[in-house]
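Naming follows writing order (A, B, C and D), and every chain is counted from residue 1.
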Amino acid sequence: MRNLDHIAVVGVTGYTGFELARILVRHPAVKASTFYMRDTQGAKCLDELFPQLRGRGDAPLQTFSAEAITASKAGVAFLATPHDVSTELVPALVEAGLRVVDLSGAFRFRSGETFSDWYKLPAAPEGLLSEAAYGVPEIYEQQIKDARIVANPGCYATSVILALRPLTDANWIAVGSSVICDCKSGASGAGKELRRDLQFVEVDDNFKAYNLFSHRHTPEILEHTGLDESQVVFTTHLLPISRGILSTIYVTLDASHSREGVEALYRKFYAGRSMVRIWRAGSLPELQHVAHTNFCDIGFALDKSGRRLVIVSCLDNLGKGAAGQAVQNFNHMLGIEEHTALQ
Amino acid sequence: MRNLDHIAVVGVTGYTGFELARILVRHPAVKASTFYMRDTQGAKCLDELFPQLRGRGDAPLQTFSAEAITASKAGVAFLATPHDVSTELVPALVEAGLRVVDLSGAFRFRSGETFSDWYKLPAAPEGLLSEAAYGVPEIYEQQIKDARIVANPGCYATSVILALRPLTDANWIAVGSSVICDCKSGASGAGKELRRDLQFVEVDDNFKAYNLFSHRHTPEILEHTGLDESQVVFTTHLLPISRGILSTIYVTLDASHSREGVEALYRKFYAGRSMVRIWRAGSLPELQHVAHTNFCDIGFALDKSGRRLVIVSCLDNLGKGAAGQAVQNFNHMLGIEEHTALQ
Amino acid sequence: MRNLDHIAVVGVTGYTGFELARILVRHPAVKASTFYMRDTQGAKCLDELFPQLRGRGDAPLQTFSAEAITASKAGVAFLATPHDVSTELVPALVEAGLRVVDLSGAFRFRSGETFSDWYKLPAAPEGLLSEAAYGVPEIYEQQIKDARIVANPGCYATSVILALRPLTDANWIAVGSSVICDCKSGASGAGKELRRDLQFVEVDDNFKAYNLFSHRHTPEILEHTGLDESQVVFTTHLLPISRGILSTIYVTLDASHSREGVEALYRKFYAGRSMVRIWRAGSLPELQHVAHTNFCDIGFALDKSGRRLVIVSCLDNLGKGAAGQAVQNFNHMLGIEEHTALQ
Amino acid sequence: MRNLDHIAVVGVTGYTGFELARILVRHPAVKASTFYMRDTQGAKCLDELFPQLRGRGDAPLQTFSAEAITASKAGVAFLATPHDVSTELVPALVEAGLRVVDLSGAFRFRSGETFSDWYKLPAAPEGLLSEAAYGVPEIYEQQIKDARIVANPGCYATSVILALRPLTDANWIAVGSSVICDCKSGASGAGKELRRDLQFVEVDDNFKAYNLFSHRHTPEILEHTGLDESQVVFTTHLLPISRGILSTIYVTLDASHSREGVEALYRKFYAGRSMVRIWRAGSLPELQHVAHTNFCDIGFALDKSGRRLVIVSCLDNLGKGAAGQAVQNFNHMLGIEEHTALQ
């Protein structure tokens, strides 16, 4: 019998995995947790490899294998693994009765073809893809509660979808008009892979656009806003900071709206939601407000015609954009307060 | 008789003024220069106040007054002064036979009403406004050569106008379509005024949008691209770096164009120009490439439809965005190579 | 009757005060808290002024006055006020039966003369000065538990005292030898006052030494290590980061010691202490390990002679160096786990 | 017949090599220059690989080999190559009649044993080691002028030697007293090798000490100050910036000296030197003052006893600490102004 409060956390080497570990070692509803990585370098506890975790308990560390995880009593597995590893691992875990929160891109699309087109990798079985819940709890709470597989969204995608969804659900965007998503992210979003362009000297004092018309989070945005590919331009930039995404989104409204009307639309959509904060009309969130938190903060400005809307959406790419949202999804699976361990 | 190679530099306290000083103390065509500031704190030479200039000559420093400047032999005055000081000072200098490069906003508009609307200050006499050349030498070289007054453009405006002008001159932008200018600047662009939001702790690790639908550089962009106000959205952001502007500009073309066609349009427009560098189709400039230079680097990406164009324009806000461009204008006034002292 | 779990927090405008607020709004043992500032700008709740606190409860905000605080049921007051305000306020609060954790320098010295010499301000009454406990709980726990006044130490001083105290208590430092404290701090340590040298452009990409032979934390270090003024050189530097202090301390030992011996000395001194972490011989802490925590991490290197010891001591200047330590002291006053609300 | 104004620059891949290229493409005394790298990726000109050099001439790029260099007319070769490559390459170049400025550690020590002990690599022939000049022109100008081989010093070593040499030459340091060199460097000093600890996220917002009692620049400092190993403690730290070294050096003087006396000693030692700037007693240089320059700025503070001296020495690790100093050495070899191309 598996226990939902026994967890396995797989892949704690990267920035997302480490952030997951940092949150989960003090999650009050977790009774037992085991951390897995490919090469434990002989370490038995997490804090031998991550001295900054010392004094926060002695979380056991093990070499990663599907067998080790399925042999445990863990009821939930968090996967902060590469896309192809998740594709391979999830079927075995689900088969063995675990529920999974997967932070890779492997289960984010209903269509395996979409995944393969954008990631150039074989897709998971269509059956599993179609049953996976897309892990934005503000939108898909019901599916997440009962899901065997939660596909934790991309960081940019979370930021953009939360900003656009109130408008698309209300059909406020002028038909066929351009939706420009100009997004900026700190360097931890690119992961911990050793890359020349992520060395300190290359990022410091620098700023650049990258992956124009080709970023992998594009299909997530299209699928979960219902906008057409020809309508959306999604551009990403690298900020010389470690954490945080700020998306500036340009929309043409179908008709003239008031600032009060726009604010009301957003407030209603996110009523009762603890992790999305709507800013008063005329004020705008900044990255500093959300760094090291699980909040997504949304503000906007409207021109005098009432038709040109600029939305600013901020989150911490390791928080609400990855590990924090994974834990928020987990909380829904457990049926506890969604912000548990996230404040 | 005034000498064009005798110069007066007024207002060296701010970041722009200091950058002007740094460039001009080693300008090979300048025979004599005097620097002026409101409060010299008893210093007689520039390097007493700015120790980083030591070893680069002993430029004389004087307390600023219209009388002191007009009594000298200076043929050209650079004004890095507040808008209202420039409004007051320029008529006296021009009257006394000096030519002026003004880095404030005071002479950037043909209409005094436009200036007063956006800057909430009295405008200079219309006669002087209408004779002033707008100091983008890649576009207005002939006017600049002979101008008594050169209005050095705003930093954001330079970045946007250089990126858009080839398209607007060629009528390539779809009629009535939106032109989104999403611009990001380092903190020196905001000047040296003591402000809470420019303190290190407020800017570091942070990123934010500001002045939506209300930035003062808007009317410069409209006037020098010919685009309609209803068509342009211009948004500015504060980067946690000291120097540099990167503008990401979204345009819908009138018809499908090829990457080669777009690149050719830009190359032709800037043929023979030493300070604008066009990047090959598919490659994009970064702030690191232009920091501490007088270059404006322009690259672009085109979607597969050939109609959605994203232009990336980079410059150093203190270089091509202010002091560097002022010296480039001065070089044209002298009739020497435009990049003199700028490499 | 005053309740220890009712608290007043005075002065939440600065970085330290805000950090205090951030910690205390979620302190599980606090039943009621009121925040005070000189100018509430009409705000009634903390999150009206600090939007990043939204979603964390609606802590009441009031205009600050001694009367308002003493009229409440608060049992403990935290003062994040200027030195002279603390000097004036503390006697009134103590008189009215409150206990005080004061984060200014006003109560850090037994001698009013020492305070006045270094701070150029009138000192508090000697009686109150001499009863105040110096708030390093790892050293003065007993005094803190029962104190009416806890003087929360300076950030640099905490870092240096925790690093040196095991050695001075054991008499391991060679008599009369130099003790060099080369300390580096992030910019939030300098406070939120508007100063030119704390503007982003002045701190970014920069690094400098300041206040040589004159830093106000010097007398704290001397008083709580027992070292002689002629023996100690204490130098401070400004790092281009927001948070963190790293002190590199150079000591000559009285005799040759082994690495194991040094490590054992430190481990014994801090045995059972949850907020000081001793690093294994040969490994060194970094600022990243302690940022946004209440830990002080200490590591060291010993030369082959066994007599030259370099100690590296890291903490977050707003955490263990200020607000965190204030809460740790408060926890001791309440008699609860010292790390409550600090993990 | 080789021409001194024809140069070969070998190894332009790293930060030092690129900085060399940046300076040398506009050196007025250089008639012809060829740049070499191991893998030119098919590029024929430097600016194909480094777009930021566009518009600064079309410097030819070739695949590196000893044959290619010796077959050219180059009279001087700059080597920004790994230590072992320099060890192998220099004998062949010298044999073929070139003079060499080597930026690696291979020729910095008279004794091959010292090199091998610290670098764990085979040393160059003793004959060549002993004829090599140590490239600090403020101290060894005569040797550099005529040298076949100039060993360009380490960045930290330059900063410390320039700060200490006036004192050691004057015998002002108390016999047997400790000399503490607490040095801090930006990340470009660590080179461009792909290392986890040099990724942006690891360096940003962080600060740490490293290589205690084991840094390779130690023997350079000892050899060129004459201080004894037991006397010197040399500690290095990594700053979260790209460029710059600030060394804080603690010395006990042999007798009580005045501030004027100390300043006079330094001014006399560096009289007539254009690239070392002595700060007035009581004022201290900052990294900002020397970034992107070839200056070494030196300031100091003296305690009231007149015996404890703290010296602060600043330079740009890629400027006076590497590429700039290499060009300064080259200028001496050519017999031209030492600051040519360095302002």
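As a convention for this text, contacts are C-beta pairs under 8 Å (C-beta built on N, C-alpha and C of every residue); 3 or more make two chains touch, one makes a residue touch a chain.
In this text the structure is predicted, and so the values were computed from the model without any measurement.
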Inset, instruction - Tell me which chains count as touching both chain C and chain D. - result: A, B
Inset, instruction - Tell me whether chain B and chain D, two copies of the same sequence, contact each other through the same residue numbers or different ones, using over half shared as the line for same. - result: same
Inset, instruction - Look at the interfaces A-B and B-C and say which one is made up of more C-beta pairs in contact. - result: A-B
Inset, instruction - Specify the chain most distant from chain A by Cα centroid. - result: D
Legend entry - Interchain centroid distance [CA atoms averaged], chain B/chain C, Å: 46
Legend entry - Whole-Å gap separating chain B and chain D, where each centre is the average of the chain's CA atoms: 37
Inset, instruction - Take the average of all CA coordinates in chain A, do the same for chain B, and state the distance between these two points in whole angstrom. - result: 40
Inset, instruction - Hunt down the residues of chain B that sit against at least two other chains at once, touch-wise. - result: 202, 205, 240-242, 285, 288
Legend entry - Parts of chain C lying in touch with chain B, wherever the complex brings them together: 15, 187-188, 192, 194-196, 198-205, 240-242
Inset, instruction - Write out the stretch or stretches of chain C touching chain A in their complex. - result: 26, 51-52, 54-56, 205, 274-275, 277, 279, 283, 285, 288-290, 292-293, 295, 297, 343
Inset, instruction - Using the touch definition up top, name the residues of chain B that touch chain A in the complex. - result: 177-178, 180, 182, 184, 202, 205-210, 212-213, 230, 233, 235, 237, 239-244, 246, 248, 250, 252, 284-288, 291, 301, 303-305, 308, 310, 312
